[in-house]
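Here chain A shows up in two complexes: once beside chain B, once beside chain C.
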Partner chain A sequence: MQDKMIARAKELLRDGAVNRVLGWKTGEFVYDITPAVFTSAEELDRDFVFDAFTAANLSKYLVKESKKEGKVLAFLKPCDSYSFQQLIKEHRVDRENVYIVGIPCEGKVDIEALKARGISGITAIEETADAVTVKTVYDEDITVAKQDVLFERCVNCKSKKVVICDEMLGENGEIVDSDRFDAVAKLEAMTPDERFAFWQNELSRCIRCNACRNVCPACTCEKCVFDNVNSGVEHKVAANSFEESLFHIIRAYHVAGRCTDCGECSRVCPQHIPLHLLNRKFIKDMNELYGEYQAGADTETRPPLVNFSMDDCEPSIVYQRGGNA
Partner chain B sequence: MQRIGVFVCWCGSNIAATVDVQRVAEELKKEPGVVFSADYQYMCSESGQNLIKDAIKEHALTGVVICSCSPRMHENTFRKAAASVGLNPYMVEIANIREQCSWIHKDKATGTEKAIILGRAAIAKVHLNAPLIAGESPVTKRALVIGGGIAGIQTALDIAEAGFEVDIVEKSPTIGGKMAQLDKTFPTLDCSACILTPKMVEAAQQEKIKIYSYSEIDEVKGFVGNFSVKIRRKARYVKEDICTGCGLCTEKCPQKKVPNEFNMGMDNRRAIYIPFAQAVPKVATIDPNYCTMLKTGKCGVCSKICGVKAIDYTQQDEIVEAKYGAIVVATGFNPISPAKFDEFAYSQSPDVVTSLEYERLMNAAGPTNGTLLRPSDGKHPHTIVFVQCVGSRCDGAEKGKPYCSKVCCMYTAKHAMLTREKYPDTDVYVFYIDVRTPGKNFDEFYRRAVEEYNVHYIKGMVGKVVPENGKLKVQAADLLSNEQLHIDADMVVLATAVEPDPSARSLATKLTASMDTNDFFTEAHPKLRPVESPTAGVFLSGMCQGPKDIPETVSQASAAAAKVIGLLVKDKLVGNPCVAHSDELLCNGCSSCEKVCPYGAITYSDKEFRMPDRTTALRRVAAVNPAVCQGCGACTVACPSGAMDLFGFSNNQIMAEVDAICK
Partner chain C sequence: MQVENKEFKPLIVAFCCNWCSYAGADLAGTNRLNYPADVKIIRVPCSCRVNPMFILRAFQRGADGVIICGCHPGDCHYTTGNYYARRRMTALFSMLDYLGIEKGRTRVEWVSAAEGQRFAETMNSFVSTIISLGENKRLEDLRCKTK
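Entry: the complex of A and B
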């Protein structure tokens, strides 16, 4: 796939259809992938990478890239395409300035899952339909079942369909049945005390590095409230280890109804906090209270929280659930 | 730093009994920025206001906090007082220490502590207040009346009489409403149609009134003085301006088996029909649910017979968009269906009827041409049992309504009296819980029924009605003599409760007008503003606000008209300066605010901005039209970046209040 992508990118660059390419390149290590913009065939040949580690969602970079001179080519995975379409809906990107090549995705590998199996010193990764093989500095060739080392968001993938693109490279997938709300249901089944203890344990680890916010494709405000001196919440020093919970709760509210559940927040969290569960709880609630809604699935429908219809459930029902669930 | 004056009101003993007002004044004096503090018996009195005015002048106050009753009561009084001595009225804040404090606390220590905290919150807010200046908006000098019953007709006539244009929107093919179906009216027993139809004709003839019959409200936008309404004119498949109302089509239409709603389904009409002889407008309407032509495309009799070629089977619903300064809701009522009350056997026997059905059975234009005949066999009934409070004053309110429907006692007395008058050989029983007859000449009317017409009034409820051998076996209790009664009746008449028209619920949502748990529209104030809804520019007329009889309905209709006239006569309305505004530097252009704005006050445009790196960028940003914004604040909470804020209720001010309370 990587070769096909590079070939197509070169073609589009040569034809002048685009003047740069948004993709991924390898950092210090093969699993240390970073989004990058390529402007020439040479750069593409040298650095462009697409493999089981290229998990980063590229859509957010298009907020800035689409405002620059000329058209940019972006390779979007299904997850990225939902985020991108949501950004179109919010008028955050210029659709005309982006040429989208959709690429199918069969799930991305979580380096932490590999490390947890005692695998280290990875120098290369190969994947097949249901297995990944890594080479290590110890000259090992280790093959593991793919299902065991995927990100949680990929295990519980909601859609393999690229929802917006100018062309597809390879076969487009379909929306899939997902068990993604099972983890939320488990939290809902807890007593309030248990749930509080769960989140206290998770969120107390937060070091407030802002990685979740910085990577989140829904967090594209011109000025984030957490950077705005007038908001009253900027640069507040946490009084105790659990106080960063407010940062996450505020953030979850801010992206409610706009979060496509791409799972980037949890992927980038250096403390391995399952932040996406906060957002998923909102999505699950909205689905149950206002009918199924997938942010980014289209550009026309109104998100349930800024919509009104005659058969919206009464606020009392929402409050009641708030007390019980 | 603001120079703040604090004024603590006793409200006689209303506040002073459970709040130590002196201590509140002393404690609040210690707050930063407070340079003057006082308590007084009645702050709203002229001397109380003078106290405030003098302090503003003497201490050069820049902000005022008044600890008193709800701002709904006297905020305006105090704002005006402040303005009269040159202080911007929006520098006045009210701390509600009555409704939200003294009235709900019994313990003085608790009440006092809470009053101090509420005062602190208001002081914290005043520190962040800025002078605001109200804008003005023009008034569209036309009113909309929704519902063409007697309430709507009367309101429209009064408004038109004052020289303003009025549109009536009526969902059925004719105006007239329920009153058109009544036979006689209490307590004078004059014919209902005889007093209603002149009003209907007057409404039709009045040049200022436009009647949209067979129409419904699709959408309401805007605000007081500037409503924009979409009216759906349902296709009646007859050209209204051509049809002469000759009625030939309604005689020749081969579809004869359509239940006639005007006679409560007790006889049939054709698929093309004019509801009744005096209908306004007198225009035929095709019922699409029954018309063979519309359903199968085969018939066309009415079209062939029509001399003026008024029939148009291809007619579509038409949307009319119009602007109004004021809207009057007059959507009226319906009797509930007694089918749920199995004990009265309404579904089992055609001889058990509702009062409105009985009304039609007595009426000359009714299914029996005014002769009282049993629906089952067309024979004259000799024993009639009236049951009151069917569905009214129900405890559980599962089947019925918790309220008194108010009109049933009187119309039942009327029915009983008229029956005895016309058919002296009938025995008439009335079962009641209480007989309620407050109203001019009402009790006299009821006593006449008992004393002159010998109607048997029995206190007690009917337990069971069993149809048997052509009779209705009525089992009932006489609570006064404490005995069980068994009556073989020929007819049973149920005085069913009234309920608001089902269309009212969705209309309330469109109007953002509030309703009570029974779906009656609520008033802005139950005693002092009974014909205004809490939504500015929306007024209430008739049964949609609560059960009432014709005299009351007409009075309320005229009262609503007076309020509308008072509004329309103004050229400009002073707006509310507490409106939203967008910080363009923070705005993402995401449109969330535009989507939640119920008034359409927010627009977007692309604007050029100088960016921090000295480049220019074209950005999509929101702008609020202050004349349209009503300050509801929906946008400020929808905005993800905090770009939207509300003058007078900024996020910072509210946070300052919360902080002050939590200190």
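Entry: the complex of A and C
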């Protein structure tokens, strides 16, 4: 796939259809992938990578890239294409300045899952349909089942379909049935005391690095509430349990109805807080109360929070349904 | 010797829409209906003016309960404000419940300008709910504690 992508990118660069390419390159380690812009065939040959570790969502970079001179080529995975379409819907990107090549995705490997299995010093990774093989500095070749080392978001993948692209490299997938709300339902079934303890435990690890906000393709405000010194939630470490919850409620609420559930927030969290569970709670609620809605699936429908119907339920419904009192 | 009053006095913040509930509260007053003095009313131009952050902020500053009063659906002075507020608050309350905050600390009620009686009843019932729930411990900010 990587060779096909590089070849196609070179073609488009040579034809002058685009003047730069947005892709991924290896950072300090092979699993340490960083998004990058390439402007020449030499650079592509030298640095461009696409493998089981290239999980980063590129669509947020297009907000800035699409404002620049000339067309940019972007490789979008299914998840990224949802985010990109949502950005189009919000008029945050210039669609005509972006040439999108859709690429199929069979799930990305979570380095933390590999580390948890005692695998370290990885120097290369190869994947097949259901297994990944890693080479390490200790001259080992370790093969593990892919399902065991995927990101949570990939295990519960919602769609393998690229929803917007100018061309597809390879076969486009389909929307899949996923169990992504099971974890939320499990939490909902707990008592409030258990839930409170669970979230205190998770959120108290937060170091307020703001990585979840910075990476989120839905968080594209020029001026963010978390940078406002008068907001009381400006960039600073949480002083007590209230501020921990405050930041996370606000962050999740700001993307409610716009979150495509790409799972980037949980991926980048250095403290491994399951942030996607907060986003999914909003998605689940809105699906149940206001009808199924998938952000980024199209550009026409109105998101649930900027829409209403005369016979919406009353807020008290929250206290009546499910869960224990 | 000074006798310490240990009885729990809740602090309730009520966001009242200028066009209905605020006038409803006025009517409750002119009709000499009783409702607890623990309720502190904040006038807002519409129930949809209430940013979810206002509610969190109220809890931070020591509120034990927050109630939002707006016009009955269909009667909004700005035609549709309360419909948006209804969805927003449903989402927020659900999230608070999800994080383990006690049910019932937040409420939305529709009270028109003619419903002084209803305003007093609503506040009485909300205050008694909060008294039974006790102090707000789960969403408090210790730095903002005055006592």
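Note that the second predicted complex is superposed on the first by the 301 of 325 C-alpha atoms of A that agree within 3 Å, B and C clash if a C-alpha of one lies under 4 Å from a C-alpha of the other, contacts with A are read in each partner's own complex, and residues count from 1 in each chain.
In this section, a contact is a pair of C-beta atoms (placed from the backbone, for glycine too) under 8 Å apart; a residue touches a chain by one contact, two chains touch by 3 or more.
The structure displayed is predicted, hence computed values, not measured ones.
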item	value
Per-residue contact with chain A, leading partner among chain C and chain B	C
Which of chain B and chain C A:Arg302 touches, first, second, both or neither	first
First (chain B), second (chain C), both or neither touched by A:Met1	neither
Which superposed partner A:Gly232 touches (first chain B, second chain C, both, neither)	both
Partner chain in contact with A:Met310 - chain B first, chain C second, else both or neither	both
First, second, both or neither for A:Ala252, with chain B first and chain C second	second
Partner chain in contact with A:Ile119 - chain B first, chain C second, else both or neither	neither
Where chain A meets both chain C and chain B, residue numbers	232, 305-308, 310
In the complex with chain A, residue positions of chain C that touch it	52-53, 56-57, 59-60, 73-74, 80, 83-84, 86-104, 106-108, 138-143
Chain B partner contacts - residues on chain A that touch it in the complex	67, 90-92, 220-225, 228, 230-232, 254-255, 258, 302, 305-308, 310
Sites on chain A touched by chain C in the complex	187-188, 192-200, 232, 239-240, 242-243, 245-246, 249-250, 252-253, 256, 278, 281-282, 285-286, 289-290, 304-310, 312-319, 323, 325
Chain A contact footprint on chain B (complex, rising order)	506, 509, 585-592, 595-596, 604, 617, 619-620, 638, 640-642, 651-652, 655
